[in-house]
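Here come two complexes built around chain A, the first alongside chain B, the second alongside chain C.
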Partner chain A sequence: MQDARCKSQVTGHRSLDAWWAIALLVGVIASLLVIGVVAAQGGTVTDDQVNAIAKRLNCPVCENVPLDVCETQACVQWRDLIRQKLAAGEKPEQIINYFQTTYGDRVLQEPPRQGFTGLVWILPFVGLVAGMAILVVVLRRMTARPAPVQLETAPSESADEYRERLERELKELG
Partner chain B sequence: MVSDIGLIAVLLAFASGIYAIIAAVYGARNKRDDWAMSARNAALVIAPLLTLSALMIIYSNLTGNFRLEYTSHVSSRSTPTILKITALWGGQNGSLLFWSWLMSIFVAGVMLRKWDKNRDLMPYVIAVAEITQTFFLALVVLFANPFAKLWQTPAGDIVGAVFGASSLFTPLSSLGFSGIAQTLFAPLGSLPFTPADGQGLAPLLRHPGMVAHPPFLYLGFVGFTIPYSFAMAALITGKTNDDWIRTTRRWTLMAWLFLGIGLLLGARWAYDVLGWGGYWGWDAVENAALMPWISGTAFLHSVMIQEKRGMLKTWNMFLIILTFAQVILGTFITRTGIISSVHSFARSSIGVPFLTFTGVMLVGSIGLLLARLDDLKSENKLDSLLSREAAFIAQNGLFLIINLAVAIGTYFPIFSELLTSNKITVGAPYYQSVVGPLLVPLVLLMGVAPLISWRVASPQALTKSALYIPGPITAVALVIIFVLGIHNPMALLGLGLVIYAGVIIAVEYVRGVRARHKTTGESWPIALWTLVGRNRRRYGGYLVHVGIVLMGVGIVGTHFYQQETQQALAVGQSLSIGNYKVTFRQLELVPSGQADKNIISARVDVSENGKFLTTMRPYQEQYTNGERMTPPALLGSMKEDLYVLLGGWEADGSLATFKVFINPLVNWLWLGGLMFIFGTLVAAWPSAAEERRAVSVERRALSANAAR
Partner chain C sequence: MSEVALPSTKKTSRSIWRVIALLVVVGLVLALALQLRARNATQPTSGAAPDFILKVYSGYDGGSGKPEIRLADLRGQVVFVNFWASWCVPCRDEQPALEKVWRQYRDKGVVFVGVDYVDTEPAALKYLAEFGVSYPNGPDLGTKISPKYHIQGVPESFLVDRQGNIVLFKIAPINAAELVTALDHALAK
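Here is the complex of A and B:
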């Protein structure tokens, strides 16, 4: 917008006196400098930096699509917003927080680890511990007696004995 | 109208299904063989009837019969012929019919092949299988009818209804059957409506991968109905020995294979079409298909213990019930979109019937299982914690935990939305950090388990066979990998484990072949051939493990070492990624040959370490309806894929944005997929010896009868 307005002034007032012309020139140079600085700042924000943050967010429209790979208009705008915020010097965590507080938890690829949603992280480990406990109980119940050392079923694996075992199993199966 | 033939056929199939259930149960309870035979015939006739219906949908799509609501949704005049055919499963209503059709073929196959072998189980197998079949046909007829025609209501709306305007519409709706009313009837005064053209399939679904992916997935889903039906029949009749497992072993293996192929095709489709650099996004719909495969894998392993040692009978019943429940839930999730939002579930016409069926099925199966617990007592005790049996049990536990973790991630958003009205997303990071670590002990077990003998294993012998040869080979391989530049400890652990498992399998093969070569004097290749041929199940299983090993290499490579960059390039500028340099040369409009599609292609030159390699052409397809597709241009080798996407561009072609990935070792994944298919086929291939044994069992049974 700034740019367009400046342009229309330059083309619209050709018959101004010298002072005005000088003032305008200074103004134009100043605004060009400002634009240049802003552009240089924006230029330091690479697509990769934007994507690194977008990866941790979701597309606002599509289900479960990370923001960095989505091509919908909404996602393009969000990525531009990330770029602007990076250019303005915001830290990645600030930007993620901004999206989370504005749009809710669903914009996060990883659900928050506190509160109710923290359960999603805890439950698998509860399951793992419970599963291992059940496994131990079941295995103990299934085990009849302490394992006897049965020499005939615990062969030392010399080539001959292995061959024998193999042949025995082959016979069993075939 | 010709499509009415299809409608009549579906209605007849529905009626046959109901009749088959009643006749089968009546015949079994009253020991009336004629009723059981009649039920069998009713079940058999569903297959040709549904074949006819499916053909009628295809015919309607081919001839552009846009009066039919379904055809007008999934087909259009400009749709290519092949897609008009595959549009049979391109939308919800057609895919439910397709599901039912595949199921009827599976059931008919079982009836024809296994009728005489398992006579006592069969009536109940029919009853259980036909309950599922009839449920799906009820959905097709009453809630999602692909033969509904289009009508214009007096209010001007366009609606689909099977029978058109009827005075039954209002009373049915007011009685609470609005779903059924809307499927069958249109409001009074509605007039036939035929649009000039159909909408056609969504662009994303036009890819060959998407054409082949659903049928395999459905074949897998449907296939698990067979072992489930036999399991339930075994519970009902009280014949809870391992007959049902032996009879359905191959059917289960095929269902598992189809589901696996479906998953692989889905992954390949995502990689080739979605353009995000990966192949597995842990999306709810993907997970829905993965979960029955996981529990099915546990089942395939644990039935071996029952066959060999008569143990884990209850557990196997539980696993097949779980697998089948996850199949039904998987279809349900895919078709109702409940995960994306509880509200889309409410909007879906099939949500409530599906949930009801799943509930009834679970309560019924678990109830039966509990009633038969006494019959399912183990015939043997576990001799030692260091035995093949114990290893299998531990492996089963791990599979179930992984299944649970995936289920928690998949279903948690529903509960979060219902209980706290906080919508959340559980994305890939959750699954990677929870499932990843669980794969470590699983792969270790996969490697070591074949070395642990049944009943009791000696620790000394095990240590020897597990370490002496595989240990040093794995260590040497790891050193080489380290020197090649892989230093991430997690990646080294992962690669070390899969290499270790692979080496053990190789050693098993070499030992087996050498033993045959020595004892029989066969030449090496012949010895290999007969070794595998005589033990297809064992050595085919090993090949499946080799497939998993290869896939593991690909997964480790892409997970730990994927690189990506995105840059806007002016003509002549280049970007660097890894050792590659990608230079933008030109943007061009390519004729697409389709009216609703534009193709914009970029020419880029690729060099590696300063040496020109090739020219690649990433492109974007733009559809007039606003959809876009960005398939990658690929430069692949066993080392890595260079994956180049055209992201965007300036209208004058001076500037274009590229997203470039390096996916290390990704092709090992696809190779592993092929090995998985090959290995499963080897394991499932009927062997002459097995057939002979089956015949001799029958003969014995016959002579026993004669003696009596």
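Here is the complex of A and C:
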């Protein structure tokens, strides 16, 4: 009788341990799921993450002020939108593309390298190359020695021949 | 004395380069002048209203059932175009008056169009819901409409008559009495 009770107690303890183990497992799985969901939603979006994107954009209502340092209400709302998009799992490039599509190229701190604005990137180099070319041409002209000019001269004659010719011509005259 | 002469091909090539250089300089100066002109342009106060297509926010088509509004398609009606933003404090001051007057005139051949300037959609929708706005509203996608009107901020409003000409420009919040007077005048024409 006592044995049976002991057995029952042992079985009861084992059963209790099993329930504890199951409860613990369920707890761990649930925690992992919650952590996964929160991570997927980007629940912990930091200011640094927001500002990393914001500094690539301009304030929409100021002149050349980066979005990350602007305190206008418009910029506050834009940064909120970046935060929401990061929390929704969007990648930084997707967010930048969204802002470019929605508000135009002017919101980008760095102008796009294609289309008309691409000239902004090309023209300085073109100007530099053209300037150097002009400088080279001017310097060449300044330092170039004048080409030797060949003068048409009479065939050389010796002093004796010259004297003879002179005397002959004087005689003819005189 | 022998004459040193450049070959004619070399002369031609030099002339071509000079012309190209001149054209480049003229082009750059022209581009700069156009840029300065565009920058210094002010809001139109008369003449033909610049045309635009506005993609409206979902649920803010003013009952037309169309996802887009083109200003040119509204010819024959008086159109009140209002540039606004949810972050703009003075816009909040004028908004109740705009909605009130719109409700008064919506069946009299008048159309109100709200153009949301550099705003975020969630904040804009919240603003529209807060003021119970019922006339067509949409974002200035790609910031393409506002440069046509050279707006310098918000709120700014334009009234376009039945012929498509601007008859009123207002750079500050407009009040109900002022708007009613302008609408009556435009409708009487």
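To be clear about the criterion, the second predicted complex is superposed on the first by the 100 of 174 C-alpha atoms of A that agree within 3 Å, B and C clash if a C-alpha of one lies under 4 Å from a C-alpha of the other, contacts with A are read in each partner's own complex, and residues count from 1 in each chain.
Please note the rule applied: a residue touches a chain if its C-beta (ideal position, glycine included) is under 8 Å from a C-beta of that chain, and two chains touch if they have at least 3 such contacts.
Bear in mind the structure is a predicted one, so any value in this text is a computation, not a measurement.
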May I ask you to decide whether A:V69 touches chain B, chain C, both, or neither, giving the answer as first, second, both or neither? first
With the two structures laid over each other on chain A, which partner does A:P92 touch: chain B (first), chain C (second), both, or neither? neither
Under the stated touch criterion, which partner chain does A:R106 make contact with: chain B (first), chain C (second), both, or neither? both
Any idea whether chain B or chain C touches more of chain A? B
Chain C-contacting residues of chain A that also contact chain B: 104, 106-107, 147, 149-150
Parts of chain C lying in touch with chain A, wherever the complex brings them together: 1-2, 4, 85-89, 118-120, 122-123, 139, 141-144, 153
Parts of chain A lying in touch with chain C, wherever the complex brings them together: 60-61, 72-74, 76-78, 80-81, 84, 101-104, 106-107, 147, 149-152
Per the touch rule, the chain A residues reaching chain B in their complex are 46-48, 51, 58, 63-66, 69, 71, 104-112, 116-117, 119-121, 123-124, 127-128, 131-132, 134-135, 138-139, 142-145, 147-150, 153-157, 162-163, 165-167, 169-170, 173-174
Where on chain B is chain A touching in the complex? 274-277, 281-284, 311, 339-340, 378, 381-386, 390, 393-394, 397, 400-401, 404-405, 408-409, 412, 416, 419-420, 422-430, 434, 438, 453, 455-458, 460-461, 464-465, 511-512, 515, 518-519, 534-535, 537-538, 564-568, 628, 630, 647, 657, 659, 689
